[in-house]
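One structure is given below, encoded as structure tokens.
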């Protein structure tokens, strides 16, 4: 959107100043703050439990805040798990899937949204239909294929089956459809190839969609439990999410404080990533925001 | 600019003189371009989605267990799907879950997206980040947090509410309340993602449309129904379909919260697929059940497409 | 098909770009046999087991075993895909409720010949523990764990209620539980419960089977083909305990095993039926605890077992199978068995290892004393999931006020169906 605004297609409006001193916006703010607190309550429980000693986690009466703050749970993570290695693997796996899928999905989505060709609608329906089979049904055939390729316990085996996905293609196709065609047609009149239109006109204007899909792919793969467990039997190839299962004690008993600390550290990279990315959203909204 | 691109049934056609389809169509170069754009994704999808799907379809006509040689059993697995009372109950539960989850998640996501997209809201960045957090925390810890809240004896929520004289029961073990509770947690876990999709869609709406509407004296609600909603239709079509697919495949959130109980009242189709495939080692039956689910999902999605196609036409005219 | 191979090959090229190291070890016909062993012992017990494997590797030069630690749930979720491509373990430890399914689907090899050899050291194994390895008359594993459920109690709360000796019969148990149940504000909902008695998804699914057994009841006939859940004894048992919960409020309703653990950890329940690991959990929750046998029912003292089995998978060739059997024989040896028992905190699996032999570990010694009355849960029953779900439905509904006779009769219909299928 910033690109569109800069290129003069969209009027640039500064909206912030107009609302200064509007009393209703603070009522609005207060209401949303209350809603946000309710939504955040489970997250706060996770955060504060990570700082509780084991004796407090299930103590009665229950409390949100620890009486006695401790870092023992975090220390346990580092002593019981090869934390650095697991985080690195998570970045390799989730990052790899995200990069490949963004590239391949956007190419295919562009073809489906812009290059009208015979059979494109059928192809789209087939692609969407492939989302409708639960992955539990295809996991074993996928595993057998990966195994025949000799890719069990490799990044290739983790990443390749997800290097393109129907969800991303469908999502980007919908987004590309919404982009005004005037720009790419102007470029085509100037003699630009489809590849150039895609790279220089459509992609720069689709940044919010690409970021959204990127976050989705990264978060989902980062948090995926069964996939890395099935495709890597070697503990050196495990991800942080699959590694945390090893904290489970006998009888399936989970040391909750340690687990929350582990989850918190596992989620930290995701939270930081989202913070960075959402600034990008705000920048574009600031120039074209709703009124 | 103001033309509606109402997907996916009617792709936008550019004015003829700008040539979308005509000039290159049919030429070798154009075909090569199309193939070039599609090939990488389609190769991956064919190998790792298409082939496994065909393989699962083959399995659905056998008694495969994953070990030994499977034997052909014809339609037996499919007949079992429709004669098994547990499966039929799971289908009912899945339908109820979908009916509750899909609209709730979409409405919550859309309302919050509109709220935090409004420039009138102070500290928007804070809200954007915090509201997205439930989506990024892993399910196992989210399940712990919810049981810490909801436990009827030692839960935080109950403890707080008891101070003001309210006592909530054991919501996850009450056959009437377990499903709504599970839906609530699922909405909590997933709305953030739909919200972000709506945000991305909202940013694609040209400001000029709102200005024009404002000049015409349209109210906030009118601006929503006449500008925002129609301009979001591509996004909405996408969100509705993916939320519906997600609902029909509900598994892990329920699995960690209730395990399907009490009395199978929250057991879904995919839980049955998991049980037959990974616990009973009955891959043939699990595959057949998966294909039944696929066909039901496909029919519902097509109905959805038709519905959205018609609605957009109404808005357009 | 040609097209498909082309597609797969092309996908291979794409992914080969990503592949840093794609190497898989191939079997050698000569040299030492390399075996992998998956187990779910994640605590100190895992260290002891790894140690036993290390000693085995050092004791001879033909076989090298590598262990991989996963949780029990993870082993169960990943074993099927791994074995379906022959990438799985050669030896696998699994919870005993899962063994019959894998055995019936031919994922595990039949060990009858192994049991027949005196060198297998299997003759001294407890018969009840071996029963859980038997499916359709054949043995598919050796036990690596057979632990009775026991009662863990909060000594502080017992002292406050003036109870000095742990109850030994059901009536004493309920009477003590009543004394330990405190409703100080008189609102009808106790603030402290005498007992956390889960009504579904109980620890090892064994709480109710233990109680049924205590009154002379059972779930199935000995050969596992007929449902016996609706016997008059079981109706009596279910009535007895649901009355105690509803009328005397000794336990909350709707608990599962995890909620019971949490209640005990919070000090809100004075007693709980649990596995031996609850000792460690209680310690970390600062609870002064004692362990005791489940009090005797009118007919017997009985406790359902938490069982773990070691099996050899069907992906092994003759040579690997032989090597794996050598390890199992080593594992069953009296010295190793004693070491394993002491190190893991689980009672010994051999009848010739006495409580005195394991007196170095007080928990093991006390568990060993109650171990003779341990019974395997649903041995040889393939479809145990549906059987257990049927029991859970009956117990949960009865505790919530349903009619035990009718509920057990319904459960019996479901169980019979599950056993026949």
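By letter and in written order, the chains are A, B and C; residue numbering begins at 1 in each of them.
Heads up, the rule we're going with is that a residue touches a chain if its C-beta (ideal position, glycine included) is under 8 Å from a C-beta of that chain, and two chains touch if they have at least 3 such contacts.
By chain, with names taken from UniProt: B = Sugar ABC transporter permease; C = ABC transporter substrate-binding protein.
Computed from a predicted structure; not experimentally measured.
Novice: Measuring between Cα centroids, which chain is at the maximum distance from chain B?
Specialist: If we average the C-alpha coordinates per chain, C ends up farthest from chain B.
Novice: Return the chain pair with more inter-chain C-beta contacts, choosing between A-C and B-C.
Specialist: Answer by contact count: A-C.
Novice: Counting only Cα atoms for the centres, state how far chain A is from chain B in Å.
Specialist: 15
Novice: If you average the Cα atoms of chain A and of chain C to get two centres, how far apart are those centres in Å?
Specialist: So the centre of chain A lies 38 Å away from the centre of chain C.
Novice: If you average the Cα atoms of chain B and of chain C to get two centres, how far apart are those centres in Å?
Specialist: 37
Novice: Quick check: what residues of chain B touch more than one other chain, meaning two or more?
Specialist: 40, 44, 47-48, 51, 66, 154, 277-278
Novice: Residues of chain C that touch two or more other chains: which are they?
Specialist: Where chain C meets two or more other chains at a single residue, that happens at 8, 11, 14, 77, 80-81, 84, 262, 266, 268.
Novice: Spell out, as numbers or ranges, the residues of chain A touching 2 or more other chains.
Specialist: Where chain A meets two or more other chains at a single residue, that happens at 58, 60, 139-140, 144-145, 160, 163.
Novice: Using the touch rule from the top, collect the residues of chain C that touch chain B in their complex.
Specialist: Within the complex, chain C contacts chain B at residues 4, 7-8, 10-11, 14, 76-77, 80-81, 83-84, 101-102, 105-107, 189, 193, 200-201, 252-254, 259, 262-263, 266, 268, 314, 383, 385, 389, 392-393, 396-397.
Novice: Under the definition above, what is the set of chain B residues touching chain A in their complex?
Specialist: 1, 5, 7-8, 11-15, 18-21, 25, 30, 33-34, 36-38, 40-42, 44-45, 47-53, 55-56, 59, 66, 112, 114-125, 127-142, 144-146, 148-149, 154-156, 159, 188, 193, 196-197, 199-208, 210-211, 214, 228, 231, 234-235, 237-238, 241-242, 245, 248-249, 251, 269-270, 273-274, 277-278, 283, 286-287, 290-291, 293-294, 297-298, 301
Novice: Mind pulling up the chain A residues that touch chain C in the complex?
Specialist: 54-55, 57-60, 96, 100, 139-140, 143-145, 147-156, 159-160, 163, 226, 229-230, 233-235, 245-253, 255
Novice: Hey, which residues of chain B end up touching chain C in the complex?
Specialist: Residue list for chain B touching chain C: 40, 43-44, 46-48, 51, 65-68, 147, 151-154, 167, 170, 173-174, 259, 261-264, 275, 277-281.
Novice: Spell out the residues on chain C that touch chain A in their complex, using ranges where they run on.
Specialist: 8, 11-12, 14-16, 18-24, 36, 41-43, 45, 68-74, 77-78, 80-82, 84-87, 203-204, 258, 261-262, 265-268, 274-278, 280-281, 284-286, 306
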